[in-house]
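Letters A, B, C and D mark the chains as written, and numbering starts fresh at 1 in each.
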Amino acid sequence: MLPPSRSAILLMSCPDQQGLVATLTNFVFHNKGNIIDLEQHVDVAEKLFFMRLEWDLRDFAIPEERLGERIAELAAQFDMQWALHFSDETPRMAVLVSKHSHCLLDVLARVQAGEWRVKLPLIVSNHSDLKPVAERLSIDYHYIPVTPNSKAAQEREVLALLGASNIEFVVLARYMQILSSDFIARYPHRIINIHHSFLPAFPGARPYHSAHERGVKIIGATSHYVTEDLDAGPIIEQDVVRVSHNDAVDDLVRKGRDLEKLVLGRAIWKYLQRKILVCRNRTVVFE
Amino acid sequence: MLPPSRSAILLMSCPDQQGLVATLTNFVFHNKGNIIDLEQHVDVAEKLFFMRLEWDLRDFAIPEERLGERIAELAAQFDMQWALHFSDETPRMAVLVSKHSHCLLDVLARVQAGEWRVKLPLIVSNHSDLKPVAERLSIDYHYIPVTPNSKAAQEREVLALLGASNIEFVVLARYMQILSSDFIARYPHRIINIHHSFLPAFPGARPYHSAHERGVKIIGATSHYVTEDLDAGPIIEQDVVRVSHNDAVDDLVRKGRDLEKLVLGRAIWKYLQRKILVCRNRTVVFE
Amino acid sequence: MLPPSRSAILLMSCPDQQGLVATLTNFVFHNKGNIIDLEQHVDVAEKLFFMRLEWDLRDFAIPEERLGERIAELAAQFDMQWALHFSDETPRMAVLVSKHSHCLLDVLARVQAGEWRVKLPLIVSNHSDLKPVAERLSIDYHYIPVTPNSKAAQEREVLALLGASNIEFVVLARYMQILSSDFIARYPHRIINIHHSFLPAFPGARPYHSAHERGVKIIGATSHYVTEDLDAGPIIEQDVVRVSHNDAVDDLVRKGRDLEKLVLGRAIWKYLQRKILVCRNRTVVFE
Amino acid sequence: MLPPSRSAILLMSCPDQQGLVATLTNFVFHNKGNIIDLEQHVDVAEKLFFMRLEWDLRDFAIPEERLGERIAELAAQFDMQWALHFSDETPRMAVLVSKHSHCLLDVLARVQAGEWRVKLPLIVSNHSDLKPVAERLSIDYHYIPVTPNSKAAQEREVLALLGASNIEFVVLARYMQILSSDFIARYPHRIINIHHSFLPAFPGARPYHSAHERGVKIIGATSHYVTEDLDAGPIIEQDVVRVSHNDAVDDLVRKGRDLEKLVLGRAIWKYLQRKILVCRNRTVVFE
């Protein structure tokens, strides 16, 4: 559902306690904001509260530049972690890719078609293969090869590019390099990977071969935030497709490609909608 | 998520307006209720607001017997339609069935296994075939045949049984008779049907034959509230399964049976959780 | 599974009768062909037999240029309809499109990535919007507007282009014009459409609006061969995605776009694999 | 598709070689059998051939009691492993169960409703809880408790019961004991288990807890043949259902129960249709 005009989006989590919803919705109401969307979740076992609150700013009494400090006051009261967004922001995204083109092409198609409110100023790859794809759309493509010796230098170079382009979040569209802890720490819960299996089954390399070897009847794809543990970060989205004895590894790869595009696309959509919160190693992904 | 103790559940809808969430959550908060679950929906096109609010009654300041009137005061203020439930209620359900046993057996298995908080004192059928099934579990089974001439009398008899057993809602577990408007009016949005197609495709009789004839690649089942228009009431739940040229009508029937059980079971679960609201001819089914 | 070398593919159907499989497999065996794949289907109700037989041509005794006449002899004996293909053919495809870009971009991405053995020499549109997309990839894009008066002339022009480019089959990638019977008759079972609903539900215009209005809990997309009856041709592939009260029409459109790409892509794949046979108004789509 | 009368079913596998299909279909054809169904699979990597051939016995020239030896002659020629079945056989099945009732109740409902051609003379459990369920249907229920010390004796007792009842195959309907190698060796590829996860993810105990802990967005159930390696036998069938952060462990258990019933039911159906072959640790499950 599209908001009728400009809106503010508050994403927050805190220890569960009485009066949270009442206090926050009163805050909006008394300042003449109209709530467009409210989604909340209580993790009973962890005693944690999560909320996404979106309200129309049309008649809102607090000027935008002072909104952050007012929320900070509430946050202090409830020991909240929070982030504030506005519906008309256009986040800046970078894509890291290796040789497989299908996820990159799908992301580019969505950007071209205007499906997402996002800017894509930058593609980085450890291979030159997909440079023409980027050039056709006049997007900067940086080919920075990686060798075991050059890895640290390559990461510094990529980080410099991301910084220079003011990138908010990074998409690994089948990027076949493992990022260092230092790199990941620079974009906490802001690096989205697509892994070509139904995690936690078949992490690491060659999951379609492993799935075929095991004889599973369903394969999957998983989009998750990158953390230090390989393919073990908080899962954002998964989907599956049925396979049979009839499908050789090549068929799993083919069917899997379509899944990867779909699942990565949905994860980026949820990110852009500011619908994702992280709790320990799990996500809360609102509707 | 199971509530830690007894809770109240308010289901409401009203014209959308500012301050709804703030007012209602304040009402709970100021009376020392702890909100366990809040789900809301705004139908932007219809300008309607829907909410399900559940709160722990442990320290709640308003005695249960006065809660209704307090909510009625709020309701008047906002032009609300509402219903109030308590988490420890055990609703009374009747099942109407004809000859096909699979949905009835599945409902009975769930009741036996204690999956649902529900009482099933009464099964009514226009055939005697499934009487032994009911008898084995010591559930009353009323065999009341229907002929074109006896239809009105049969419905009166069924309504009398439902009334005598203090039935809250009725499940049509493949009941192959069309209910009259009068009958339906006695249980508005409290008669749950399972139709063996992916509605609105293939309403009416013999949907598996029609699906086979059309050559669809997926078949479905639909659970909906019964209204005067055949197979056109508000949809509660649907699911599908893949079929192929290889599946004859008998195979569709076989695959469909499993779907019907699944979809009907989910619809009854949502009903019992007090998660369903109706708006015009659509449902809001909270998570 | 990829065949190890060049293979012949026989697609056939005929009245069911004893000895069909034995005769055809003997024919291959005695001529030193090695069967790679055999899929057969008997439509018991219609008393029809369908088969797809693929064999390795490495040591095959019959020269390719004489294979057709040898199969014609067998065909006469069994009253067969048949088509013969070779695994190294590269069929020529044209795409017709209007303004929506997602299906076209997805088809182009697959062509670029080499997912399919196909040539795409030609895109035709009744709008000029997507011309830049085609130009970037140096594919001919013919903008031929349609008005009620110019429709017959426009179709003649399109048919001339298809003929000049030696097009084998046509893909309607969200082409919002109804083709005339004459046009369709020129490409029988060789025009593949994607319709944005789960047919037979919601044929015709604005299916996402209708699905929203009806309050379905699942939406779908359908790829089918175009016949004279609008959205009623033989279904090749369908898939679905779950929706909820939370999804406005715009959300259905967004979720549906991904389905349309997926379903159209799979239908084209099956066509290119020579896996589809048509019987009355249904398809046999082999694995 | 139901065969019109009595039919023979040959399930076979052997090293892939030219002439297999031709020889076997000729054998049927020349003896006046009419092929009802032929499904074949070539595992290219393993160079193995698999086939299920079903033919009508109405005019078949070889008497049933001599059919086995005639097939044995063919089998010797091609180094085949094979099994011969007849469509009117009624296999004898035993169910082993612990305390969870849902899978047992679903199996019983299908048996009661006549969905399967099977006899169920025997239920064995290490708990007495479900005895009333069996008694209601007049099925023998043997309560044989297991302690670490009594395990070998208990298995001997169960094997004796299976033998005495002439049981062909065993279903573990949530049987929470690990069978010994000796037990398994007595019923090779004839013990069907249902595991409550999407294997190979979450083998062993408490998979729903592990799935919740990991934060997956989809859960599954897997039916497989039991082998010496726990939850690692050849997979027959899997299915999945979507979950969210909103689902506590209890919700996963609830959603999973429905999956388990569905997946186990489908696996037993395929077994009874004689559609399953095993190759190394994978299955070929024909349509």
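Following the convention adopted for this analysis, contacts are C-beta pairs under 8 Å (C-beta built on N, C-alpha and C of every residue); 3 or more make two chains touch, one makes a residue touch a chain.
These figures come from a predicted structure and were not determined experimentally.
A.B. asks: For the two copies subunit B and subunit C, what is the rotation angle that overlays their Cα atoms, in steps of 5 degrees?
C.D. replies: 180
A.B. asks: When subunit A meets its copy subunit D, do both sides use mostly the same residue numbers (more than half shared) or mostly different ones?
C.D. replies: same
A.B. asks: Of all chains present, which has the mean Cα position farthest from that of subunit B?
C.D. replies: Farthest chain from subunit B, going by C-alpha centroids: C.
A.B. asks: Find the geometric centre of each of subunit A and subunit D from their Cα atoms only, then give the gap between the two centres in Å, rounded to an integer.
C.D. replies: The separation of the two C-alpha centroids amounts to 42 Å.
A.B. asks: Quick one: subunit C and subunit D, Cα centre-to-centre, how many Å?
C.D. replies: A distance of 37 Å separates the two centres.
A.B. asks: Could you say which residues in subunit D touch two or more other chains, in rising order?
C.D. replies: 1, 44, 244, 246, 248, 287
A.B. asks: Where on subunit B does subunit D make contact in their complex?
C.D. replies: Answer in residue numbers: 1-2, 101-102, 105-106, 109, 112-113, 115, 133, 136-137, 244, 246-248, 250-251, 254, 257-258, 262, 265-266, 269, 287.
A.B. asks: Once bound in the complex, which stretches of subunit D touch subunit C?
C.D. replies: Residues of subunit D touching subunit C: 1, 4, 18-23, 25-26, 28-30, 32, 34-40, 42, 44, 242, 287.
A.B. asks: Touching subunit C in the complex: which residues of subunit B?
C.D. replies: It comes out as residues 41, 43-45, 198-202, 214-218, 220, 234-240, 244-246, 248, 281-285.
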